[in-house]
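Below are two complexes that have chain A in common, paired first with chain B and then with chain C.
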Partner chain A sequence: MAGTYAADPEWADVSPIELNDGSESGAMPLATIAYPSDYLEATSYLRAVMAANEMSERALKLTKDVISMNPAHYTVWIYRAKILFALDKDLLEELEWLNGVSLKYLKNYQIWHHRQVLISSKKHFPTMPTKEPDFLMEMFTQDSKNYHVWTYRHWLVRHFKLWDSPREIHDVEALIQSDVYNNSAWNHRYMLRFGPRDDQPDAGMINAGDSSVSPEEKGRLTVVDEDLVDAELKFAQKQILRAPENRSSWWYARGVLRAASRGLEEWEEFAGRFVDGEQTKSSHAVEWLADVYAEGEKAKAVKMFTMLKEKYDPIRKNFWDYRIRQMGVVA
Partner chain B sequence: MATQHEPRPGIPSLFTQPPPIRDPLTTETVQLQETTLEKCLTFLKGLHPSQTGPFNAAGVPALLREDHVAYLYESLEDYPAGFVAMDASRPWMVYWALAGLTLLGENPTHFRERVLGTLRPMQNATGGFGGGHGQTSHLASSYAAVLALAMVGGAEAFALIEREAMWRWLGRLKQADGGFSVTEGGEEDVRGAYCASTIIALLDIPLALPSDAKKARDAGFETLTEGVAEYLSRCQSFEGGISGSPGVEAHGAYAFCALACLSILGAPEETIPKHMNIPLLLSWLSARQYAPEGGFSGRTNKLVDGCYSHWVGGCWPLLQSALDGKPQTTGVPSETVGSLFSREGLDRYILGCCQTPTGGLRDKPGKSADSYHTCYVLTGLSATQHYHYRTNVSVSPGSAFESAFSWRSSPMAAEEEVYEPADRLVAFHPLFVIPHQAAANLRLWCESHPISV
Partner chain C sequence: MAAPNFNSERHVKYYLRCLKTFLPSAYTSSDSNRMLLAYLTLGGLDVLGVLHSKTTPEERQGYIDWLYHCQVPSGGFRGFPGTDFGDERRTSENEAWDPANIPATFFALVNLLMLGDDLSRVKRKECLEWLPKLQRADGSFGETIGAGGAIEGNRDLRYCCCASGIRYMLRGPYGQGVEEVKDIDVSRLISFIEQCQNYDGGMGESPFRESHSGHTYCAVGSLHFLRRGTDKSRSSPLLCPGSKSFESLVHWLASRQTNKLLGEGDQDELDDDDIEEEEAAAEEEDMIKGEEETPESVVGTQSHRQKERPVDEGHQEVKSTLNSTEDEIRDLSYLTPESSEGTACAGFNGRCNKLADTCYSFWNGAALTMLDRYSVIDDVRNRQYLLGKTQHLVGGFGKGVGDSPDLLHSYFGLVSLAFQGEEGLTRVEPALVATDRTVAHLESLPWWSSTADKVEISEI
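Then we have the complex of A and B:
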């Protein structure tokens, strides 16, 4: 194999480790790939420098070469991060390069963990790099629900304590404004408003992860800022009026009420506005009323669950029947 | 246009009409949903020219069994250079194909030598399997490798796994918050917890933490499994579903990983209600099923995708078993909460929308087949065709994983089903996603060959 590396004096001292894809066992290996020769060569040198745990400029260049051919190669990313720190490289420059790679390979998640590893260095980044939110918004213009980008953004909020940063809530509102069905944005909003802060372990809801606390208590705050709760409920109502058949906004409102340990009945009138016989505009409003009535007015609750199972959400018939049975009523 | 034609007979209007309420507002989400709906409707009505049938009295096309078998055999052979991105996923390619073939009734054991030869160079002396030769060990690769070895079976396959090194490696992956990172220096998520628990249970890995499990020991843990359930509890989102890591959006694939992990760590009627808010979880999980599509979405306001037939569909037997409570008999429980989702809807989506005419199964109409979707769509179909329950008899009585090895299954009564009896698949273990016997054989072999630590 007379490739780029074999012919390069800089690599003359390295003996590449050839790929063992299992052929040497005598049995035909499974799911083999006819690798391009430049990939085969580069990964042979990668195995060699990794085996020697080499932290060098040439190894760093090699990782970039392998990434350019296969960004899903998780091993090379981890090795690259180690070298960057060992050689004390300019991490802002690395971020610049990473931005381009991220936009090119939208579904890749090694990239996002790599970014997190770099930015978690307090020495290099005592505060958040200022361009970070702009870049994340650029990613969201490509895919506003990209799970890896949202996972990273959640980490960023926690790492730099950005819960009350105006930019965070501003971006969330812009995303909800452009697509009110963006459930990822709603989740981020919930975490900004009601998620645990840095005095508690990270969790999707507070009061989670402590075996002595019942899961029924999850999400319920001990100290409630009622003004904030009211503002969030008002925000949810505004968004529901734009699109009543949107699970995201209704379930956000449920999360807000749960945080404040307030009941669903305070929205009975509001939900009722969307439930009107043939003019019914929201199955989520019907479910809301069913849950309100299930507390006492069982016959009315059954009527709502029956509407869901017969007309508005019949694919979930077995679940609605289960809800009816739970009230002690024969479905 | 095909959509203007009448649907085939036998199909309820639930699966041929758009939903009764649609918002007047149009956004990107709405547009994607409408496009998907239109595409699916043609297939659900049985009117797409690529659907060759035959269709049964319920208007459901037959499973293209031979084509899917041929597709999966082919998926184990050579790939052209354009597939270089798969270089870190070869253990998965092996697992998906063998699992799919097994579900379809093929015998995977004749691949034993080839599986051993393929996986041997991927195992690292420091424990675990990487995605390929010279790659760092990864929990996902190790999970796929262990399951593939379990399916081909035999002492030589089981003995290939260096379990003491695996134990030490798992210790190094365990984090201070109870979870597992997927690789040393890599991200921590719910997949890690599930893959690690599966490996620990199947391989009878000692629970005591190895001496070099620094992060876990510093956090005060003494075992590999301690703190895992609490970590998973923190992954439940306000919607009720479960996210990949704490604080992120609820997602179907992670929900399965978390619930299966809880059901491995203990009896689901204890571990799930202890760590999850059940009413929120049930409501979110139930809302994953859409009509008319019939299939599951992974997240709120996202599209249906065939792979969630397993990730979301596979949650249901676990939750149903948790609600049914402690098993009292050696056989089928006398009382059960029953099926809480629409098996008919899922079966119609799988057989109508996910089969490609040349073999292999897909995410949705308009997408190509791949072995990942073929495996998990078939796993989902198999799960709907069987009733999964636990008994008070375990393959591993008295062990920490007694409950995980007490699952059984029986076929659903044919008269209630929309597919033909000939289209029934093999049943899989609902936690380990391989045949029950394959899981039992591996566990029992490991119990009889304990590692000294």
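Then we have the complex of A and C:
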């Protein structure tokens, strides 16, 4: 193999380790790929430096090369991170490079995990790098629902305690403003408002992991800021008016009420205004009423479920029938 | 709409091509997921009922030998042979760069079972000893063990599911022969999974993350494996019909079915030429990342599409802030009831307000199957969607309407149809995502037969 590395004096002292796909010992490889020769060469040098556990500038460069061809390689990133710390490299420079890679490979998870590993270093980043929110917003202009980026942003909030940071709230509002259907943004807002704020590892819905707490109590706040809850409900109503068929905003409201241990009946009047006889301005309002009525006024609940299955949500016909049957069981 | 046909022969051809020829070099960026690609290929042939008739015993033995070639000396499997620098060079300093990988180990074991191997060369004890080392204090699992024993990888339900599956396959219902091996902390794992249930009833990757069908599948899959495994001391309300957790989870899953389809009629509306290119790249990646990455496989441009084709068609935003809420609602128009033509095809999305994609017919359907609530979805509309919209002429399934087939979407399209009893497909167990034949083979292994009370298993 007369490739770039073989011809480079910097690599002259390294004996590359060729790919052993098992065929020499009689195995029949599965999922064989027609590898380009530059990938085969670069990875054979990568195996050699990894075997030597080499922490060097040239190994760092090599990882970059391999990453450009296979960003999903799960150890090359860990190896790279170790070298960066071992050589005490400038991590801001690394972040700059990562920004470009992230924009190029939008769907890659390893990139974001690597970023998290770097920024976790309290020594290098006692506070959040100032450009971080700007870069995340740039990512969101490419894909405002990118799951990896939101996972990272969630981690960032907890790591640097940004729940009440004006920038955090501002960005989430801007994203909901520009696309009210962006469920990722709604979810992030919920985490900012109702997520746990202590130093414990992320504890999920309040009380969720504590087996001594009864299931009904899970997800409920121990201390409720009623003003905050009211403000969030008002916010949800405003967004529902922008797009009455938007499941995200209706479910956000359900989540808010649940966190505050307040019932759905609080919105009976609001939801009722969307519905007039067999007509409705929102299928989610019908669903809301059905859930309110299901607690006592069974006949009215059945009427709502029937409207959904016959007119406004026939795709879920079987589900609405299931809900109707469930009431029968309870009655 | 005419009932579309399921073309078994073409699917078989597609899979044999994937099995017996080189995948194109574009797959290089998925090199690290070869164990998964192998699983999708073998699985497809197994569901089509031809894995053992269209391969020779010599071929199957050769594949089995390759799978063992990917076993790490200290137990567990690597995701691809590319990290292997040779046993003779392996030291405690460098072994972190060639580690066993949790998802790869899960897929390798299922692959071996599909091929009829008896797992006798699996380093069973070592593998089970490795598992608890990957579990964090919060109950979650990592992906690999890094330098100095560090647990690498996200806190993530995908790893929890694969770890539970490995434990299930290798420990069996009695833990026979590995009684002295320290088990994982099942109770903590269940707590972590429960914490991942979100305010809307679905499950996110980790606590408070957005609900996602892939992760929801992983959550239910983990619990499913755990309840069938050795430790039955703690059951989760997530699996108990009637509980709030269970019913809200079913509700969330049922809400994923949609007639808003990825790739249908929206291509022309894109105003940015780059978007299609990105999409193609994303698809390519998505295809190969599979269960490891698929939960996030939603194409990055859907938000653009949705802006251009809002869900609330025909309704204009109410701008004024002066009106009372009451007035504003009065000004809204009534919905037109859904037409039967408009809802004839309905696939599934993976998150709220996203578009249907073939693989989510599987993720949501499999979770509902494990919860014994598959009947809440509309199987006829799902079949119309898969066969009429994403099944490809050359065999296989694409991700969205009109997309070229790829291994991942092809397998999950087939399995979704298998859940619904499509003729020509073998029944599939939803957690291992393997045929009943493969599961029966697992249950015939030595550590599955025991003098212990067998009634218990049949009840589960």
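Keep in mind that, in the parts below, the second predicted complex is superposed on the first by the 318 of 331 C-alpha atoms of A that agree within 3 Å, B and C clash if a C-alpha of one lies under 4 Å from a C-alpha of the other, contacts with A are read in each partner's own complex, and residues count from 1 in each chain.
In this section, a contact is a pair of C-beta atoms (placed from the backbone, for glycine too) under 8 Å apart; a residue touches a chain by one contact, two chains touch by 3 or more.
Computed from a prediction, not measured in an experiment: that's the story for all the values here.
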Looking at the combined model built on chain A, do chain B and chain C fit side by side or clash?
clash
Is A:Ala52 touching anything from chain B or chain C once the two structures are fitted on A? First, second, both or neither.
second
Applying the document's definition of touch, where does A:Lys300 land relative to chain B and chain C: first, second, both, or neither?
neither
Going by the contact rule set out at the top, does A:Asn183 touch chain B (first), chain C (second), both, or neither?
both
Between chain B (first) and chain C (second), which, if any, makes contact with A:Leu106: first, second, both or neither?
second
Tell me which partner A:His124 touches in the superposition: chain B (first), chain C (second), both or neither.
neither
Taking the superposition as given, does A:Gln142 touch the first partner, chain B, the second, chain C, both, or neither?
second
Given the touch rule stated above, what does A:Ala27 touch, chain B (first), chain C (second), both, or neither?
both
Contacts of chain A common to chain B and chain C in the A-superposed view 17, 19-22, 25-36, 39, 43, 47, 50-51, 69-75, 78, 82, 109, 113, 144-145, 147, 150-151, 154, 178-179, 181-184, 187, 190-191, 194-195, 201-205, 208-211, 215-216, 218-219, 242-248, 251-252, 254-255, 258, 280-283, 311-319, 322
What residues of chain A sit close enough to touch chain C in their complex?
17, 19-22, 25-36, 39, 43, 47-48, 50-53, 69-75, 78-79, 82, 105-109, 113, 142-148, 150-151, 154, 178-179, 181-184, 187-188, 190-191, 194-195, 201-205, 208-211, 215-216, 218-219, 237, 241-248, 251-252, 254-255, 258-259, 270, 273-274, 276, 279-283, 310-319, 322
Tell me, which parts of chain B touch chain A in their complex?
14, 20-23, 25, 27-30, 75-81, 83-90, 93-94, 97, 111, 113-121, 130-136, 138, 177, 183-187, 229-231, 233-239, 243-251, 273-278, 280, 282-283, 286-287, 289-291, 294, 299-302, 337-342, 345
The answer for chain A against chain B in the complex is residues 17, 19-36, 39, 43, 46-47, 50-51, 69-75, 78, 81-82, 109, 113, 116-117, 144-145, 147, 150-151, 154, 158, 178-184, 187, 190-191, 194-195, 201-205, 208-211, 215-216, 218-219, 242-248, 251-252, 254-255, 258, 280-283, 311-319, 322
